[in-house]
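Each of the next two complexes has chain A plus one more chain, namely chain B in the first and chain C in the second.
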Partner chain A sequence: MIWFSALVLIPLAAIVVTAIDGGWGIFWNTITNGQTLSAIKLTVFTAAGVTLVNIIMGPLIAWVLVRDRFWGKSVLEVMIDIPFALPTIVAGLVLLSLYGTDSPLGIDIANKRPAVFLAFLFVTLPFVVRMVQPVLEELDRDVEEAAASLGANRITTFRRIILPSLTPAIAAGAALSFARGVSEYGSLVLLSGNLPFKTEVTSVRILSSIENDNVAGAAAVATVLLAISLTVIVVLDLIQRRVAARG
Partner chain B sequence: MADTLIHDIVEPAPVEQRLRPPRVRKTPTTYILRFIATAYLFFLVAWPVSLVVTHTFDDGFSSIQALLSDPDTVVALELSAYVAVFSVVINTIFGVGISMLLVRQQFPGKRLLNALLDIPLSVSPIVVGLALVLVYSGRNGWFGPILSDIGFQIIFSTPGIIMATTFVALPLMIRELVPVLEEIGIEQEQAAQSLGANAMQRFWRITLPSIKWGIVYGVVLTLARSLGEFGAVKVVSGNILGQTRTATLVVEEKYLNFDPQGAYATAFLLAMVSVACIVVVAIIRPKNHH
Partner chain C sequence: MSIEVRGLNKKFGDFVALDDVNVSIPTGQLTALLGPSGGGKSTLLRIIAGLEKGDSGTVNIEGVDATNLPAQKRNVGFVFQHYAVFKHMTVAKNVAFGLEIRKRPKDEIEHRVDELLKLVHLSQFSHRLPSQLSGGQRQRMALARALAVEPSVLLLDEPFGALDAKVRKELRDWLRRLHDDVHVTTVFVTHDQEEALEVADEIVVVNEGRVEQVGTPDQLYDEPANDFVMSFLGEVTHLGGVSLRPHDIELDTQPRLAGGVEGTVSRMVRIGFEVRLTVLTVDGDEVSVVVTRTHARSFGLEEGSTVWLTPADGATLIPRMAVAG
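On to the complex of A and B.
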């Protein structure tokens, strides 16, 4: 416990304390500063957009991995985990090589806003898939067959039988991928160019404050990010509890 | 009549038929979904990753050789490996401890601790770095000046990098072990206790063997995460060439200094390790299930 406090709790508390130390005025000024505000907006909106894509693509991929059988499926399985294990800076470089200046596809989004979207999409890929997959595996197929035998078509079966049981897993995965998106840094360094007002995300904003020795400002922005992470954790905890209560 | 009825129920299906997985209904939708999933993963993951490999070997092995003959890069690679090993050891010991605590003990604040353990996964690495600097910075941190007075510098040196790395990889081991520990229960340990085994014996002979695979899995994940940490390390390390520059920082540095070959080669090495980690996990996982 002492170790946990020394490593995690005290440092995190220090951020909040430093932010408060600066006083409400400084805190508010930092947060509402044009550049910071646009960074926060960009981060949150992009993360939300990416989460939406994941909500659709995640269950789809999980479905293919669980229900479908075809040659090369295990390769797909490994590919899902790559974004999680790949160092984020390498992830940025990897995406840059396909979607950067000398892209073989002719798509150059380096230093543009879609780059942020793409990077978030890459690093958050595993979350929804990996949350949904085990639930889908456990799902009793008899119920689906029963529904079908009672005349439900496939869409109805999906909407009334499968979707409700997947919802908590999708929600949990979405929360995680939102949190991950908001906090992403490494993959953006090379890919987005960090142009103020355009592709600068919140994490980069904090780093430049640190480098300019503006600790109070950095702590203020960090507090905002911390608040977002805590909210996500609380949401996750509530979802888990609801699932556990349902049995 | 009654005979046939009973007969029908008791008769088991032939073995092969029972073992065969349920048949997949192949409809156009199946193929469309399969195609969408494969294409999505191909464009998002497979193609970009494979490009790094081809870029690295554009001119044969020369870029890898150049990389390994650069003393600063070698120091960086060694530092990364050293830090990763340290972080794995620390996280394994405390991970086992905290998981046992979470599963076996009831105490006030358990739910809070459980929730707080997820923070490192969802908080930005930059925030992690900032937090550590605020507390342990030798200049104006909370504990930093005291520690540097006794000659112990954390920020801008290796201990800081180890702390940052340990922080971000902290939950991985615990999240692996908690379900395993919950599943094995305590009956076997109680039996061992009733036969006179002391706490050490119970841990080494009963608990440890049953969570063995969970630990291996956790170690692999922690290793991958530790090697790849970038943001938090960037803040706390000071990026001093040949001293506190890790492999991930080398990738950035080389790319920004117009040495994409070197960047790709370093990235390739890092990617190899992480892909190897995933493959190891993929092989272990099924064993773990049965």
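On to the complex of A and C.
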């Protein structure tokens, strides 16, 4: 508990305190400022969208990794973790060179909103996959065979037996993926161009607040982000409990 | 006949799991597939259930050619060694699963689940999760779940293998009584000869992918077709060129009976009411003999005693084979 407090609770509390110290006026002004609001909206919606994609793609990739055998599987296995291992600014460089103005693929999304989406997608890819994979590996084949012998086809077995077992892992992965998306900085800062009202995300906004000596403003934005992340994590947890209980 | 298996072959890579197996399983009976681990009996059961496919041969269930039917269309109940419970569902939901898939009316499902839970003595646990049940209770739930769909045959793969000895014995008796009530054609796999002898109406002995013998427990025990069946169903020892059970040897401290073989007691182990002796005969054989404790005491037996051994009247004797089991 002391460990947890020192690492998590005290810094979080400090942010909230700093935000309140600045006074309600500054807090309110900062977060209702058009530029900030637009940054928050962009960040949250993009992170939510990316998380949705991960909820669908993550289990699929995990399924392929666990159940299928194919040439190059172990390579793919390692590749999944690259977004984890790569410093985010390097990821940003890779994305910039691939999808920037001189794109060898002819796809130029520099300074556009898809750049933010793509960067989020890149860094959050491993979360759901890595959460679901061990659960899928632990899943008894017996259970699927039992469902089949009771008359269930593949789809019913997946929906009624496999999916409920995976839900907690998917939810946990989704929460991580969302949180990571909201906090992402390095990988998108190069490709997105950080244009106010267009491609500027909250983490960039917070940094510029601090650079302008507006610590209270930065803390205010951070507090809002904190609240949103907390809400999403709690909501995902509730959904997960509901689904798991329903069967 | 309820299940007819003809010319079934199955290989896993180079390993021959089943080698031209032919079996007929009678309707309404409790049949045991008995054999050592890795002998192919589980594979045979899984092929009957449609969970595995044979390389060649046919499976016929209740007059329907099931060889190419997928598991979900065969209407067989299957019970797994490790229960295969649906962890996230309550006991009642587990049992209801097969009926819900068949889209039966809700009140019918509820009624049937109640009935089955009563049958397996789990009524008071209907709202619990499987993780809150003991192993024996989980297996009874799995049995109720398999019975819910009114299968034409019930298949059990080492159903009591994961349970401790006491629960295993209780469930074994209970399965026998349940079968007397329900009368569904039942096949269970076991490597425990005592279990098979005690519970089954008929036993199919499977070894190294082949059927060694089919018969009632008495037939198998009294008239084993070969050395393997004899040794698998109980202890076997060899006395003067024949195989026989250690308790079927009569022992005396005087050469009273004709044809007695002389020997010396080299080892003596008392286990409860019985005494196990190892006797070295003058022919150079090492013979195991089991006598009761009272018997041993009346002869004043001890290590080093000289005794005479003869096969008892009515003992099961089969000629000893080159490679004795």
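Everything below uses one rule, namely that the second predicted complex is superposed on the first by the 214 of 247 C-alpha atoms of A that agree within 3 Å, B and C clash if a C-alpha of one lies under 4 Å from a C-alpha of the other, contacts with A are read in each partner's own complex, and residues count from 1 in each chain.
Here, a contact is a pair of C-beta atoms (placed from the backbone, for glycine too) under 8 Å apart; a residue touches a chain by one contact, two chains touch by 3 or more.
Computed from a predicted structure; not experimentally measured.
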Partner chain in contact with A:57 - chain B first, chain C second, else both or neither: first
First (chain B), second (chain C), both or neither touched by A:97: first
First, second, both or neither for A:140, with chain B first and chain C second: second
Which superposed partner A:7 touches (first chain B, second chain C, both, neither): first
First (chain B), second (chain C), both or neither touched by A:18: first
Per-residue contact with chain A, leading partner among chain C and chain B: B
Chain B versus chain C as contact partner of A:234, first or second or both or neither: first
First (chain B), second (chain C), both or neither touched by A:161: second
Chain B versus chain C as contact partner of A:202, first or second or both or neither: first
Residue ranges of chain B touching chain A (in the complex, touch as defined): 21-22, 24, 29-30, 33-34, 36-38, 40-41, 43-49, 51-52, 55, 94, 98, 111, 113-116, 118-136, 141-142, 163, 166-167, 170, 221, 224-225, 227-231, 234-235, 248, 251-252, 255-256, 263-264, 267, 270-271, 274-275, 277-279, 281-282
Chain C-touching residues of chain A, taken from the complex the two chains share: 140, 142-143, 145-153, 156, 160-161, 164-165, 244-245, 247
Touching residues (chain side chain A, partner chain B) in the complex: 3-4, 7-12, 14-15, 18, 57, 60-61, 63-65, 67-70, 74, 76-90, 93-95, 97-99, 104, 121-122, 125, 141, 154, 176, 179-180, 182-186, 189-190, 202-204, 206-207, 210, 215, 218-219, 222, 225-226, 229-230, 232-234, 236-237
Contact set on chain C toward chain A in their complex: 49-51, 70-78, 80, 82-90, 93, 97-98, 101-102, 142, 145-146, 148-149
